[in-house]
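Okay, so here's the structure we're looking at.
Labels for the chains are A, B and C, by order of writing; each one numbers its residues from 1.
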Amino acid sequence: MIAAPVVSVRDLRVYYGTLSGTVRAVDSVSLEIGAGEVLGLVGESGCGKSTLGRGILGLLPEGAASDGEVLFGDRNLVGMSDRELRKFRGPDLGLIFQEPMTRLNPLMRIEQHFAETLKQHEPGLKDKEIRRRSLETLGKMGIPPTRFNQYPHEFSGGMRQRIMIALALVLRPKLLIADEPTTSLDVIVEAQILSILADLRRNFGTALLLITHNLGIVAEACDRVAVMYAGQIVEEGNARDVFGEPAHPYTRELLRSTISLDTTELHSIPGAPPNLIEPPTGCRFHPRCPDAMQVCPARFPPEEVLEGRRRVSCWLHTPDERAGPIDRHPLEREELALAEEA
Amino acid sequence: MAVTSPSETSTQPRRTRMGGVRRAFAPVSEARGMTRTMLWLGAGITLAFALIALLAPVISPYDFDTFEANGKRFPQLAAPSREHLMGTNVQSTDVLSRVIWGTQTELKVVIISLIISIGVGVPLGLFSGYFGGKLDRVLVLIMDALLVFPFLLLAIVIAFLLADKVGQGIFTAAIAITVVYIPLYFRVVRNHTISIREEPFVEAARALGARPLTIIRKYVFFNVVQNVPPLATLNAADAILTLAALGFLGYGIQPTEGAEWGYDVNRAVSDASTGIWWTGLFPGLAIVLLVVGLTLLGEGLSETINPVLRKRPVAPVDLEASHPLKVEDE
Amino acid sequence: MEVAEPAADDVLVAIRNLKTYYGLRGSFRQRLIGQEAGSVRAVDDVTLDIRRGEVLGLVGESGSGKTTLGRTLLGLVPATEGSVRFEGEEITGMSERELRRLRRRMQIVFQDPHASLNPAMTIEQSVGHPLEIHGVAKGVSRRRRVAEALETVGLAPAEQFIDKYPSDLSGGQKQRAVIARAIILNPVLLVADEPVSMLDMSVRAKILQLMLNLKHEFGFTYLYITHDLATAKFFCDRIAILYLGRIVEMGPSKAIYEDPKHPYTKALLRAIPEPDPRRSVPRDLPRGEVPDAARPPLGCSFHPRCPVAFEVCGWESRDLRDLLEARWAGMPEEAYEAEQAVLGDLTRLDVSSTSFRLETSAGRSSSDIATLLERIREDDPEEPFWRGVREIRVSDGQVEVELNEPYAPRLLPMSAVQVECNLYDEEALARVEAPTIPGR
């Protein structure tokens, strides 16, 4: 689809086993991220977006198995040994997390953090060069050189997150995966960090996969957005188009239930997100979908490509020629037991 | 709106009252791997000894100080034979009997000691941790001071002091051991209480207007009590060793009060130079086995309840059978 | 205060000049010597009323004191100074026992649904505990009232939840249980501290709707504490915006959102992410972050970040240090090191003082220093700091910089709202001959 994607995920599945059954955290996901592009991955808690983000890097939970392809360059990262993956993590693929304090070593100064990272991945670098590159990257994040030898606890939350981002970017990765990077920050600081992330392509040429549950920041900071539900991507496309005219009912309902400054009425989606051990049959959103049809629980909707490079998995958008004879009558179901309400 | 009928209601709550305790120990059933092995092995050994202690009057061939039967005096220092499976010692008493009765002695002392230590250490820890302030500072000072002393030395001193007043019986030995372990429970419970005290649900209880005693009882205790069993079992293991050491040094149970392994080992030291091995080996083995059993159980519990690495129990994953797009049903 | 006092029986809670300070644990050496380590002014002179039946929002970021204010109101944290009157009774200084009586009438819903319920108690035991504490009901009748409360909050049929443990419930269900526990004694005032911020988007609306329904059905008065202006706008009648322990703007919800006055309020509104793809990330955000509450800025606490701060807003030496650090963050190393060599050790700027000196040494003369300062000013003439400089005196061994006297802003009425900002204070403006205020 995209001319030269930085990473191409095809039919990725990540399952892990628990005592109650196999959790299908990521269940056949395909997406591509172009160079310098910002892709937002949005979904509610438990939809598998964090597992997907880490799965791309091969950081799987204990006892997990994965299948499919994550093509980086011409290598498939799925199934690679940890030792080989480590060569990619850092110089090619960066990851930043939600809580920066827990990821920075409180006993090491900032300059030591950078020295360690750079020495590990670019062993030939001289100290002077290490310092120059570190200060330059930190400078772009707004961290002054006078604080280069301070300890993490001497910085505020927002500054620590900038340091984390700088640590990831100093290696000039092609792709940065940010998992809820601003969730624990105040709203003004969040906006500051977002503008840094949105400028990544301009300053560093890095592509960004921004994982979050906050639709607002995706709309403002991302070029494209993928909406995830119950381990699968239900809609993907240009941020402007998806938010302006959502194709999938879940996207639409999610937007409606988001409370913004313009909200005059409260909307919510009845029911609760399904558990990933025994997801509903057919289209997984059908128990909660206001537009569900008879075919929806019976068969899994195929992916349709709409104009403007939009992908959506929903029977509503599958034309008859492709679908064949399907029952489009509205689905009748008993009132969702109130007990299933979240 | 549906409301439960009175008869239904009355049965429900009773079932759940112990639920709190049960849930605190739920991880035990989920233990896997080496932890599980340790748990079951340790529990097995400990249980075996407990049974021996309980059934001592039944299974022991003779009393602990019997030196004759049917008018005939037992041979002195006789090697293991059919009549005396573990031989006899210098006083012509049956070693096997002494080992079996010794089990009872050991466990009696340890249990009394545990009850007192826990009974004093845990509440003190709860109050000290919850209320803080001067009481806390004073108690911490005292307890830390006690912890600084080497256990054995302290136990000897106390046994020595009490020997004059109370005599050298089971109770004395128990108290000597107890004092030494109270600080352990105090410290663990206090520290955990302090961290639980800051939890939102405790603050919520305060906001509801609950009295401190209620909060400690209902909100703190159940969340803290899970620390006690692992500590208690390891404590028991250590106590056995301390008791045996006391007995070895002559400050333990008087030989007339009961059989004690440490005392026996002490008597057996002189036997060893003459090639008599059974008087020392069997009591010694008993000590080792019981301590190992308790330690395994304690470490197993400790791993389960406060694991070093909190691992989620994993189960096998089957990727093949379940690709969503391949499961097309009509 | 020049705001008309509402009728006495209208006001449920009257807070006057409330201060809640936390003492800091100093360093080891300080504690050894017995030296005071300073205090954090979590709530710094707050005056407001909560009227019966209204929803008052306390909005602020971290360090604003909103959470501490809520807890002081409930007596969970002792007030340092000031007065809080609940239904006419003075709460500050009450003992735990006296407060316990009042706890029936005011309750709190916490932020983290996963942590507010005792994991060792069933839902019945948790939700029914207030009934037991206050001796209202026991046994069978307690169970019946718990079932009623559960149904009221939407956990129906109650039997399905009443004997479960918190770990069996989802986040939204837990929060409903917490609400049930808070309302079971029919309180008059409900303090909700970020009740929905840890829930998913689709669940937030449900819980907020529940709270609204409860308000209509039972007539609760709410104090809604949050950092989320969007939910506050929807939910609240009046809003108070807090920054570093003080109210900076307060008034009817509509007025605040349609015509925000304080620069901080404006910044907050701009920064809220909106799921509107026509918007992009706002660029003109205030710089920096909420300062350390243990060492608040002089004058107006917001001045270091305020784009329109002017002469008297409280300039101090620390502001110069921040300015320099921001400037050096983007510079190539040689240039930064050259400038730092001229200015010397910056740690002496790390105090809150309105006059300071930069001393010369070998290799740098006072004219070097003065020239550098001038160049920095020319590079960014819009920088508000320079408006605060009264005089720069160059002498042989040093350069002395004198800044204007700070004027602490006061909370004053301004049409429909109250604002605490020098821009709206005639007295502050009068102290400057020609204040540099954009747009004036």
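Note that in this section a residue touches a chain if its C-beta (ideal position, glycine included) is under 8 Å from a C-beta of that chain, and two chains touch if they have at least 3 such contacts.
This is a predicted model, so every value here is computed, not measured.
At the far end from subunit A, in terms of centres built from Cα atoms, lies B. Interface comparison, A-B against A-C: more C-beta pairs in contact at A-C. Distance between subunit A and subunit B, defined via averaged C-alpha coordinates, is recorded as 50 Å.
A separation of 31 Å divides the Cα centre of subunit A from that of subunit C.
Within subunit C, the positions touching two or more other chains are listed as 156-157. Residues 30, 311-319, 322-325, 327-330 of subunit B are the ones touching subunit A in the complex.
Considering their complex, residues 13, 15-19, 21-22, 24, 27-28, 61-67, 232, 281, 298-300 of subunit A touch subunit B. Those residues of subunit A whose C-beta lies close enough to touch subunit C in the complex are 44-45, 131-132, 135-136, 138-140, 142-147, 156-159, 186-192, 194-195, 198, 213-221, 239-240, 242-244, 253-255, 257-264, 266-269, 272-273, 338-339, 341-342. Taken together, the subunit B residues at the contact with subunit C in this complex read 1-4, 6, 9-10, 12-13, 16, 19-20, 23-24, 199-201, 203-211, 214, 218-219, 222-223.
Residues of subunit C that touch subunit B in their complex: 74, 76, 99-101, 103-104, 107-108, 110-112, 115-122, 124-125, 129-130, 133-134, 139-140, 143-144, 147-148, 151, 156-159, 162-163, 165, 178, 181.
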